[in-house]
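In structure tokens below, several structures.
Note that chain A is present in both complexes that follow, paired respectively with chain B and with chain C.
Entry: the complex of A and B
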């Protein structure tokens, strides 16, 4: 990946995730933008350009929701655009913010991802309009079935067990107890997960992340500018993205159990970062985990464990906060909440971990390198980012 | 989650969005649905380079990035690649009995159709065989195939 200048991260902006009916997207954007600026000791005038991302603005019943955010995000009178690649918006938007600085066009970019899901009365009715109108929608698809066909293919291919999915849920909801921004920190047992109702086999209610509202911000900044304000600079080391056809029933690889596009995203990011063995060179990971089995697929695609080995990896405790390669020590989407685009939280937590600012979620081991991933579309998109210090 | 986690809503402005649409089935899709209606045949589009028979058909092969140049009839029978059951309806309502959907790779095609599965001829399983059940009165629509039944 060619870059005109190195890119670091000056700070991140956080707010609790929850059902937040009383705030507009603009007000949420203001909270996280202001938080990021204050933490970095920067002012609105120091930002050269903005990129914002949301996944499905139909959830909030508005079209092109970015236009509501300009003032609240601080972008009045400045260059501005929005990015959308479904759920992978969560990391593809930071990837884009990186690229704007790396190109040398600008030095400081405010990146904000947000989602407002509670405005609508029936999120399934909104999801129905994500599906192809000629080939899929009339047959009938819903979110439970969407997960069911993918999860069944994954378990069938690799022999992953429901109990291993449950272990990951216990771990993530437990991790979220220490996350001040989390919606669903909870001490639960494997049996609680196994006893929760199926939404569609093998996925159960407690394998599923909660619907949420929220936003995240991060300030991407050139190396020279970052060194002026931070004596422990953390850089973007690698980015990668993969995509596959919307026609999931007719792809060259039509086994939904293996996410070729996610392997592709990780490969690019690792090549750029010079990472040859992610199992030893990545110190903590925040993978996109709207469902437990998705976390496991993404752990494998990112090379944190062997392909098909995520169940064993979780079972042996390696993914725990005190394990050899902690995965979503923040609690992830499962524990923190899942305002889809604002799943950018995965990326913000990797920066907090490297900086040692993760509070009760800080992992036991030293962290120099961390990765985050996003996922979205009809089993289509991945985005990956590696952050770390030199 | 405790009740205190949910803050009370402020003022809301209530409304609904109700717009009619006419979604194009596309060039390849129109041919597929017309053939299905008139002859009951399931057609695929063949790529001249990689020789894949694309179902659903497209006017291009997304891998070789060339025009598909031949229409090929494929079988009404095929294999279940994956499937799922749901106790929720399409409006999110709870159901007493499950319904099933899956991806069926059709014999003679490299892809397949996403469709409803009915276990009339035995258990639904990955790798299991199924056959399309067609409507008598067909309208040029994916639901001209009522469902796939296990055989």
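Entry: the complex of A and C
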């Protein structure tokens, strides 16, 4: 067995997010894998192993759904894993790809995250199987109710206003207008958001990301191999993952308003990357934002602003694409769409930003260091990845 | 060179108790930590395996985070594969952060009749919806169907009588709680010709845990000498079902890691997944322990190093956790055989389209 080695990212593979009934998961995997290979100038035979991620089988309605992607992704006859941690699949899967290369066991890993939700006629009903059948399911808790409870706790704890949530929605949907892969680029007003129906007070429809299909790919590669194909290498500089108890009513800090596990994931990632002050050392962030208030919680946990200061941060425009620390300049899940497992899109956009390849979404500053986050499980997992150049 | 060690092991089955999956994994993890001489606080990360549809829960691993001591840790990784796959992922996790303590765990309530008829859901969703599902709609046992097709292809290709396969399953089940004779197997209902219900291992609930680390000051149960894992297309029509190519490729890699050049001579024990019997016959060939078409002969007439306690046919089949449970039991039984090599294999996917192999050196 070989020794630990440094890990970089050779390229990413993209495709538009939308409700795509006419395309299978295998075809989506093919599209993004080929896009990533073409951009890196690599061939399928150059890949040593594949790791794929999707949130849960129930979204696609296929047991072990990844087994039908193998050929399309180019992985037949090769090492193949599938990771599934719900929304945090977005970063936990690339984390797994990182550890595979870092371990020295393989040099080049194709990482694909995907979700096919349009086949499912009732995603909410399916999602409710996430609740424990003995204790929680009979109470009637569901995901909208749960996010409402959590959002209320967060807003109450820090004095955040619904209008500030709405400002973030306006910003993200507006950013998505410049994202060629986005499902919901739209010019809306704060009043549009405030007037949209509540799904669970204080969370409204326009505070929520749309259901979507899609996939993303990224090629993780050892430093030596990366330097052979890229004279401006971008590395994985930090990773961190935190997890709290499944039991929603029994979290370590007894406070749903503060995500201790997200602070932990960010702390680990920053320590590994040698980042002491993220507000000055991180140049752009793509935070996991299925709801506006979640984006704000994640901004605070990642130290992009002061704890409890996300509302003010957004209100003062610091998170805008031309702000002092742009947050989700791609439009995020709110604007780009939210095929849950394919939330790795956040990480792929950080790579594009560092490489200066983000097109109309490119921020108005030099970018050497960028972060992405993922969030999942029963509102209990969080992961942070730092990418950048030396 | 870093070597990943198995610092502790544990397994749990409910016996006469009624235990939840969280309780099962708690028990196996508690045993593994005690075996390793470690406290829960030492855990730095974890990789688990489970299948949601079998469990009847979305994201079934989220419920067991507390069981593996994972609260406020990096313990979220979950593979949708069988247990041995998590050895490969856990080994790489340990090598990427030397000095860490990685919990590798698998739990599956495969033997419990769950609410909402989830076993039926598994059967209805077993194949992808566009090509295979419409063709096979109404078939009562789609997973068995994949192995039935494999058994038909294998037996026809090599001119082997169906009775030989029943003899293997009868021998393997002999020491278990639900022993079946050749006659009982062949008289049982056909689930996917030539497979009868008697060929299929009895489903049970079980959990297993290993503690992996590069640094085991309290000694180790084993060292991980080699890992290999591989998948082919899940579409049945795109594979030669008469052979286990994913296992052969996984073994090739694991043997190369371990420096094994003559597996028949060098391996002291092999745990080969045998939920339907035919998988065991093809697996021993893929592992290099028998020539093509000679797997059944080797298992019935050869030495007893493969599945000496009957594999999952003997001790029950917790699909999703089974290969890890068998590996842990084998390590426990081999304690004292320092230096002996154990190879453990497990599969997942339709007709074993995905496979993993791990080679352990006992007591190293």
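To be clear about the criterion, the second predicted complex is superposed on the first by the 387 of 390 C-alpha atoms of A that agree within 3 Å, B and C clash if a C-alpha of one lies under 4 Å from a C-alpha of the other, contacts with A are read in each partner's own complex, and residues count from 1 in each chain.
By our rule, a residue touches a chain if its C-beta (ideal position, glycine included) is under 8 Å from a C-beta of that chain, and two chains touch if they have at least 3 such contacts.
Keep in mind that this is a model prediction, so the values were computed, not measured.
Contacts of A:61 after superposition: both chain B and chain C are touched. Once chain A of one complex is fitted onto chain A of the other, the partner contacts of A:252 extend to both chain B and chain C. Of the two partners chain B and chain C, it is C that touches the larger number of chain A residues.
Within the superposed three-chain model, A:4 lies in touch with chain C and out of touch with chain B [touch as defined at top].
In the superposed model, A:183 makes contact with chain B only, not with chain C. In the superposition on chain A, no contact is made by A:346 with either chain B or chain C. Once chain A of one complex is fitted onto chain A of the other, the partner contacts of A:156 are limited to chain B, with no touch recorded for chain C. Residue contacts after overlaying the shared chain place A:99 against chain C, while chain B stays out of touching range. Once the two complexes are overlaid on the shared chain, A:142 sits against chain B while remaining clear of chain C. Of the two partner chains, neither chain B nor chain C is touched by A:294. Where the contact sets of chain A with chain B and with chain C meet, they give residues 61, 128, 133-134, 245, 247, 252.
Across the complex, chain C meets chain A through its residues 1-4, 20, 45, 51-53, 56-59, 61-66, 70-81, 85, 88-89, 91-98, 115, 122, 125-130, 227-235, 238, 245-246, 249-250, 253, 257, 348-350, 353-354. Interface of chain B with chain A (complex): residues 1, 5-10, 12, 15, 17, 21, 23-26, 29, 33, 52, 54-56, 58, 62-63, 81-92, 99, 101-103, 105, 110-116, 126, 141-143. On chain A, the positions that touch chain B within their shared complex are 18-23, 61, 122-125, 128, 133-136, 138-142, 144-145, 147-150, 152-153, 156, 183-184, 186, 198-201, 210, 245, 247-252, 254-257. Touching chain C in their complex are the following residues of chain A: 1-4, 24, 26, 50, 55-58, 61-68, 70-71, 75-86, 88, 92, 95-96, 98-100, 102-105, 119, 126-130, 132-134, 240-247, 252, 260-261, 264-265, 268, 376-378, 380-381, 383.
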